[in-house]
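What follows is subunit A paired twice: with subunit B in the first complex and subunit C in the second.
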Partner chain A sequence: MGIISVYIVSKAGGLIFSHDQPNTSAEVEATFNCPLGLVLEEVDRQVVVKYGEKHGIQVGYSLVALNGQPVANRCIPDGTSAMTVLTNPENYPVSLKFARLRVSINERIMLLSMFHSIYAISVKLSPAKHSSGIQCLEADSFKFYCFQTITGVKFIVVADNKQQKVEDLLKRIYELYADFVLKNPFYSLDMPIRCEHFSTNLTRFIEEN
Partner chain B sequence: MTIYNLYIFDRNCSCLYYKEWTRQKEAGIPREEEFKLMYGMIFSLKSLISRLSIISAKEGLVGYTASNYKLHYFETPTGFKFVMNTDTSVGNVQDVLRHIYARIFVEYVVRNPVARPGEHVDSELFAAKLDDYIQDLSFK
Partner chain C sequence: MTTRGKRAAETLYDKPLSSKGKLEVNLSTYAFLFSEIVQYSHGRVTSLSQLHEKLSDLGKHAGFRMIDVLCLREKTPKRETRLVNHLLYIQKTLWKTLFYKEADRLEQATASESTFYLFEDDPVVNRFISVPKDQSSLNCAAFVAGIIEGFLNGTQFVSYSQHQLQITYWSFP
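And now, the complex of A and B:
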């Protein structure tokens, strides 16, 4: 799996670039009898597991397919709400596919600007002199690497625990940014990056690693 | 190899115990404010991690590394949070934090009949035992 996502945060804390490696989310499909055994809830146009665990499905997973039909906007293709189908005992047994969906773009902007402030707090709370902020945040199953350039731009890579030498990789992404974004005459500083060359080169570079 | 300081928080965000050994730099704000800031940072990091995880919403925080220090985090199911800052040459200290909780905190604070839950730990015995343990650690 290796690298999961790449983000670039401007010196003001705004998310200016985000890239997700495809096919990295967890998906589980299983057949259920009535009663379902999971408590579902409708959140932001999605049906999300609120309580209960079964067949590896955990809290926070979203319903993506019902009997093989995709669930979009909380409804199956004929327009019926997925919750209506699931509350009727006659529709069971039913085959459901759940996935842990990636964070939405708005939420991503919020989380990364929150990280921008946490970075400043971690400098303030440092018990050692002249320390930088968070460079590698460690969770149970993944690591979140941050490289801040002298100009204040943050390059962030989310990678699983097995990925090696992410620090070097971040510096290479900085080089790509300098080459394909900063040298682009149509790019204005601190604005969202929409440079095709940068995206293609970055994708190619990540796939090589 | 150095241990800088240790914070113990309970589930209600109050700092039960703070001890520093060789801290080099103060945060420049009153201690109480510093505790709140530390708790707030941990809380935000936990929510960041649970949202960014592609596997589960119950992802746990282990700690982070900055250029000159390392923060280690351990949380018990009852909501006690142990935060230890060390220098960057120290490896994984989850076992040390677990030991502080299970063998020192539980023994001398939780089982102390005069210690009231949720209040600052004043027990001298606890402070002495903790200090002995930290001084004996091989990487100190």
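And now, the complex of A and C:
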């Protein structure tokens, strides 16, 4: 898997770039008989597993497809709500596909500004003078690396445990930023990055590693 | 005068641009400068064609100055007088001096004998520029077209007939 996502946070704390590697979200498809065994609820235009665990599907997974038809905005393509289909015992056995959907962009902006504040707190709490902030947050299945440049821009990479030399990757991403974003006359500082060359080169670079 | 020269300390401005004598400029330095040029022009025009014109005008200044530079550095003092040879000179020598490589192709149009196309598939000036979608017809290589125009004007290849010396530029994917 390697690198899962790349984020760039401006010096004010706002997210200016986010990139996720495709094919890194877990998808499970299984056939279910009545009763379902999972408790589903509608949250934020999604049908989400609230309680229960079956066939590798855990709490937090969203319903992506029902009997092969994609589920969008809690409904299947012909307009009927997915929940009504599932509460009717006549429709069983039914084939359902669940996936852990990515965090929405607004939530991401909020979470990364929170991280920006936590980073500032860690600098203040440090016993050594002129210390850097958080460089790596370790969890059981992933590591969260952060590199702050002298100008205050933070480069964040979420990688799995197997990925090596993420510090070098962060420096190289900084180089790509300096090349394709800062030399672009149509980019204003601290604005969201919408530069084609940067996105293409970054994707290519991540794929190579 | 000589004693004055020995006493005056050599400031940064007296030194040549590249101390190794290699006549090279850092690509990043150039890219930042060109980005500022484009931003400066962009803020003073109201339409895309005007921006192309402004960039091309700036290129004309640069092209005009390249004539003397090239003549100084050339070993043979012979000047090209025929059109085709002169265009080949542009493709090879001028491009090599500016971009360290030759222009990709020089072709004559099948329709008219006086139209030539000079192809450049990946201009160095455009390498770091990502044009936003709403201005996708902008090509900052208008600057390079201006250089060619300035060079041709300065070497007396301006046509005196009704036919205009027209430089147009295409972008290749």
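Methods note: the second predicted complex is superposed on the first by the 205 of 209 C-alpha atoms of A that agree within 3 Å, B and C clash if a C-alpha of one lies under 4 Å from a C-alpha of the other, contacts with A are read in each partner's own complex, and residues count from 1 in each chain.
In this text, a residue touches a chain if its C-beta (ideal position, glycine included) is under 8 Å from a C-beta of that chain, and two chains touch if they have at least 3 such contacts.
Computed from a prediction, not measured in an experiment: that's the story for all the values here.
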Practice problem: Considering only touches as defined above, state whether A:185 meets subunit B (first), subunit C (second), both or neither. | Solution: second
For A:197 in the superposed arrangement: first (subunit B), second (subunit C), both or neither?
second
Ask   = Where does A:114 make contact in the superposed view: on subunit B (first), on subunit C (second), on both, or on neither?
value = first
What is the contact status of A:130 with respect to subunit B (first) and subunit C (second): first, second, both, or neither? first
Larger residue footprint on subunit A, choosing between subunit B and subunit C, goes to B
Would you sort A:105 into first (subunit B), second (subunit C), both or neither based on which partner it touches? neither
Between subunit B and subunit C, whom does A:30 touch in the aligned arrangement: first, second, both, or neither? neither
So, in the complex, the side of subunit B touching subunit A is made of residues 4-5, 20, 23-25, 27-29, 34, 37-38, 40-41, 44-45, 48-69, 71, 85, 87
The subunit A residues in contact with subunit B across the complex are 4-5, 24-26, 58-60, 100, 102-103, 107, 111, 114-115, 118, 121-142, 144, 158
Note: in the complex, subunit A contacts subunit C through residues 178-180, 182-186, 194-198
In the complex, subunit C touches subunit A at residues 28, 31-32, 34-36, 38-39, 42, 127-132, 135, 140
